[in-house]
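Structures for review follow.
In what comes next, chain A is part of two complexes: it sits with chain B in the first one and with chain C in the second one.
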Partner chain A sequence: MATLTALAERSDVIVEIGGLPIRLRSEDPSFVRLIQMRYAGYVSASEEATFDFEIELVPPGIDSGDQDLSVRWDSGRWLMERGDFRAEFNPSTARGRIAQSINPYSLDSVLRIVHTLLLARKGGFLVHASSAIRNGRAFLFAGVSGAGKTTMARLAPPDAALLTDEISYVTRPDGRYFAVGTPFFGELARAGENLRAPIECVYLLAKGLENKIEPIMGAEAVRGLLGNILFFAQDAEFVKLVFDAAFDFVSRVPVRRLTFVPDRRIWELVV
Partner chain B sequence: MIEQRYVARSTAIAARGLGDETMVMSASSSTLFTLDEVATVIWKAIDGATPLEEIVTKTVCEQYDITPEVALKDAEILVKGLAEQGLLLLSEKPIPQSSISLKVNP
Partner chain C sequence: MNGLTEAANTLACELIGETVRTFGGARLGVCGTSMVPAIRPGDLVSVERAGLSEVSPGEIVVFRRCGRLIVHRVVVKFGGRADPFLVTRGDRTRRDDGLVSSPELIGRVTHIKRNHRRVPAPSRLNLTEHMICRLLRFSDRATCFYLRLAVRWDELFSVRTVWRP
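Up next, the complex of A and B:
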C-alpha cells in the first residue's frame, strides 16, 4: 500500500554540482519531475542546500534564448536576464528567484551562470572544454564550437569516465585544481559522470592532418585558456577574479596544443 | 599653446604583466588585449597625473632608439585605441586618483 509520503508530490529538488547543493523549488510538480530527470545523477538525497531558488513558471513569450544575456551586480544581488528568463540571486541571503518558461534549458543557463559566479570567489571557473578522467587524472580538451570537444569525448576509451563534452567545471579546493563532472552537455546530449579528479593537463584543440602535442607557455597559454573561459558577468570584480584564476591555473597546470586527426589513437597519445 | 593629454587606467579592467607583455581584459566586454613591450612601458608609466608627452620622453625615448615626435605620435594612437575599448581614460586635465586603477602587474 502506498504511503502518504510516497503519494505526496515534491515541490523542490536539490541539484548538487561541484559539491554545491542548490535547492530548486517550484509549485508545479511536473516541472520538479522534469528537473529530476534532466539532472539525474546530480540530484542530492540530502535535504540540506547551500542556496535556494524559487522558480516561477511563466508562459513562453515571444522572446527567445537568442537574445543577449545580461548579468550584472545591482544593490547586493546578481541580476540575470535573457529573452527566455529573468533571475536574481542574493549571495548574502543565499536565495534567488527565477522566472522562466517550462523549458529546462533556461534553467540550465541560469545554473551555469550561478555556478560561474560562485566558483569565481573560490578560484574556480567554467571553461568551454570536454573533460574526462583516466587513471585517476583529469584531462581537459578546450576549444570553441567545432574545435573537437565532443569528438574527443566520443573517441574516449571505455576506461575513461566522461565528465562533460561541453562545459568543464574547474574547482580549486586546496590549492590544487580539480575537474568535476557536470550535467551540462553539448552535441553528445548526455550528462557527464558525477566524479572529480585532479587536472593533469589542458589541451587546446586544433584539427590537423597529424597527431601532435606542443607545450604552450606564458602569455600564449593564458590567452588560450582565457579565450575559452565563460565570462557571463559585466562586472569588474568578477572579471578580475576569473582573470587572476586563469593566471594561477596556468602557473600550476600544463597547457598544451593538441592537433589531431579524429580517430581513437589520439587517446593513446594524450593520456 | 599645445594642450597636454593625461591618461589613466580604467577601474573596469583586469591587467597582468607576463614577461615583456601585459594582458588586459575589459570588464565590460570580457575582451582580452595583449600589449607588446613598448606599449607595456607606457601602460606601466601612466598615472593620470603625468602628461603623455612627458611619459613618452622619459620612458620610451630613454629606452628605445626613437625620436620624441614619432614616439608621441605612436603613443597617441595607442592610448586612443585603448580608450575606445574602455581600458584607459583620457583627459586634458590630470585625472583624479579615484578614477584610476592603481593595480599594475600584481
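Up next, the complex of A and C:
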C-alpha cells in the first residue's frame, strides 16, 4: 500500500514497451494515476528513461479523434496532430510535448506513433495483428478489423501467452525478428503480457468454412504484410525504411494465409 | 534498395514489377551511374508498363536481374514476334547486358525528373552526349568530375532562372 501511495504522488511515470522506456510527465496527479492504471504491466520501476514527454492537459474541445492524423518532420522535430491531440518530439534531444485532454486514448495514439518512428530506424514495425507465444515461439495473426484478430486471441489455449489482440510490436534486435507484448488492445480490452519471443510465422487471416493454411510467397506476402503495417509519417525516408523492413521480414519469416472457422481446433493447426 | 539482403531485394523487385503491371506505372529513384549523362544518380524515372513487343531500340527500359532493377537503353531487338529478346546496354558501360527476356522486363522509362523538372526520356543521344559517353566510359574519376560539374551547373542555372527579369 505504501508503494502505491508513493507512486500516486509522483508527477511522472515511465512506460516501457519493447524495451524503450518513455517518461511521461504531467502536473496532474490524477492523470499520472490514470497512466499507471492504463499501462499496468508496462510501468517501469527504473528511474532511467530514453525519452521524456511533458503532457499538458487541455480542456476537451469540439474536435474528435476522427479528424485526419498528420505526422510530419519539421525543423528537426516530428509534429503529430489529430483532432484530440497535438504533440511534438525531437529525436536529437529525446524530448517531446503532448497537448491533450484527460483521456488515455490520445496518449495511446501518440505512443503508437512515436514507437513506429523509433522502430523504423531499427528495422522493426507495428502491425495490425494479434500475437501470442506458445512453446517459446511467437505467432502473429494479421488482418483488418473484423478479420478475426480478437477471435484468435479469445480462442488461444491456456498455455499460450497473449501479447496483444490488436497491435503487434515487431523488433529486430540482432537480425532475428521478435514479437513483444504491448498494452495496445482491441475488443478484448486487456493488455498483452509483457513478454517477447522469436517470431515463427505470420498468418494473414481470412474467415472461411474450413480450416486451411496456405503459404504465401514473394510480392503477395509483402503486400499482405504492408497492408497491415501501421505507419503514419508523411516522410519519404521513413516510408522507405518501412518498405525495407517489410522486404527483409518477408525474406526471413514465413507468411501464410489462415482460413479458419472460429473454434478452438484452429490453434492445434497453427502451432 | 541498398543495405538489403539479396532475398529482400528480390522481393522489392517483384513488388515493383507487380505494381507496374497492375497500375500501369511507377516512379523509381536511380542510384547508379551507368546511364550518365542521360540519367544521373538521384534522378526519378517514370516507368510505364510495356511488353517486349512494344519497345524499340533507343528506348530506355527497366528490367530486373539478380535481385536488382536495371535501367538501360535498348540496343537491339531480335527474335520472332512470339519470342522476342532485347539487347540492352548502359550508355556509359562498355559491354552489352545479357539478353533481356519478357519476364524480366518491367517497362519503359517515359520521363526523367531532376531538380523539380520533368523531361521526356531521350530515345537517342545527340553528338555532344555521345562524346561525353565515350569519354566517361573509360574513367570513373571523369564520371565523378562530370557529375560534380553537372550539379554545379544546375545550381548556377537555377539561380540565373530565379533572377531572370
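Methods note: the second predicted complex is superposed on the first by the 263 of 271 C-alpha atoms of A that agree within 3 Å, B and C clash if a C-alpha of one lies under 4 Å from a C-alpha of the other, contacts with A are read in each partner's own complex, and residues count from 1 in each chain.
In this section, a residue touches a chain if its C-beta (ideal position, glycine included) is under 8 Å from a C-beta of that chain, and two chains touch if they have at least 3 such contacts.
Remember, predicted model here, so these are calculated numbers, not experimental data.
Colleague: Is this a clash or a fit when chain B and chain C both end up on chain A?
Modeller: In the superposition, chain B runs into chain C.
Colleague: Looking at the overlay, does A:243 come into contact with chain B only (first), chain C only (second), both, or neither?
Modeller: Both partners, chain B and chain C.
Colleague: Determine, under the contact definition given at the top, whether A:251 touches first (chain B), second (chain C), both, or neither.
Modeller: After superposing on A, A:251 lies in contact with chain C but is clear of chain B.
Colleague: Specify the partner with more touching residues on chain A, choosing between chain B and chain C.
Modeller: Larger number of chain A residues touched: B.
Colleague: Which partner chains sit in contact with A:223 here, chain B, chain C, both or neither? Use first/second/both/neither.
Modeller: both
Colleague: Have a look at where A:263 lands relative to chain B and chain C in the superposition and call it first, second, both or neither.
Modeller: Neither chain B nor chain C is touched by A:263.
Colleague: Chain B clashes with which stretch of chain C: 19-27, 91-99, 127-135 or 145-153?
Modeller: Once both complexes are placed on chain A, chain C clashes with chain B in 19-27.
Colleague: On chain A, which stretch or stretches are contacted by chain B in one complex as well as by chain C in the other?
Modeller: Correct list for chain A: 218-219, 222-223, 243-244, 247.
Colleague: So in the complex, which bits of chain A are touching chain C?
Modeller: 218-219, 221-223, 243-244, 247-248, 250-252
Colleague: Quick one: which bits of chain A touch chain B in the complex? Just the residue numbers, please.
Modeller: 218-219, 222-223, 226-227, 231, 234-236, 238-240, 243-244, 247
Colleague: What part of chain C is in contact with chain A in the complex they form?
Modeller: Residues 1, 3-5, 7-12, 14-15, 17-18.
Colleague: In the complex formed with chain A, which residues of chain B make contact?
Modeller: Touch residues, chain B against chain A: 11-14, 16, 18-19, 21, 23, 25-30, 32, 34, 106.
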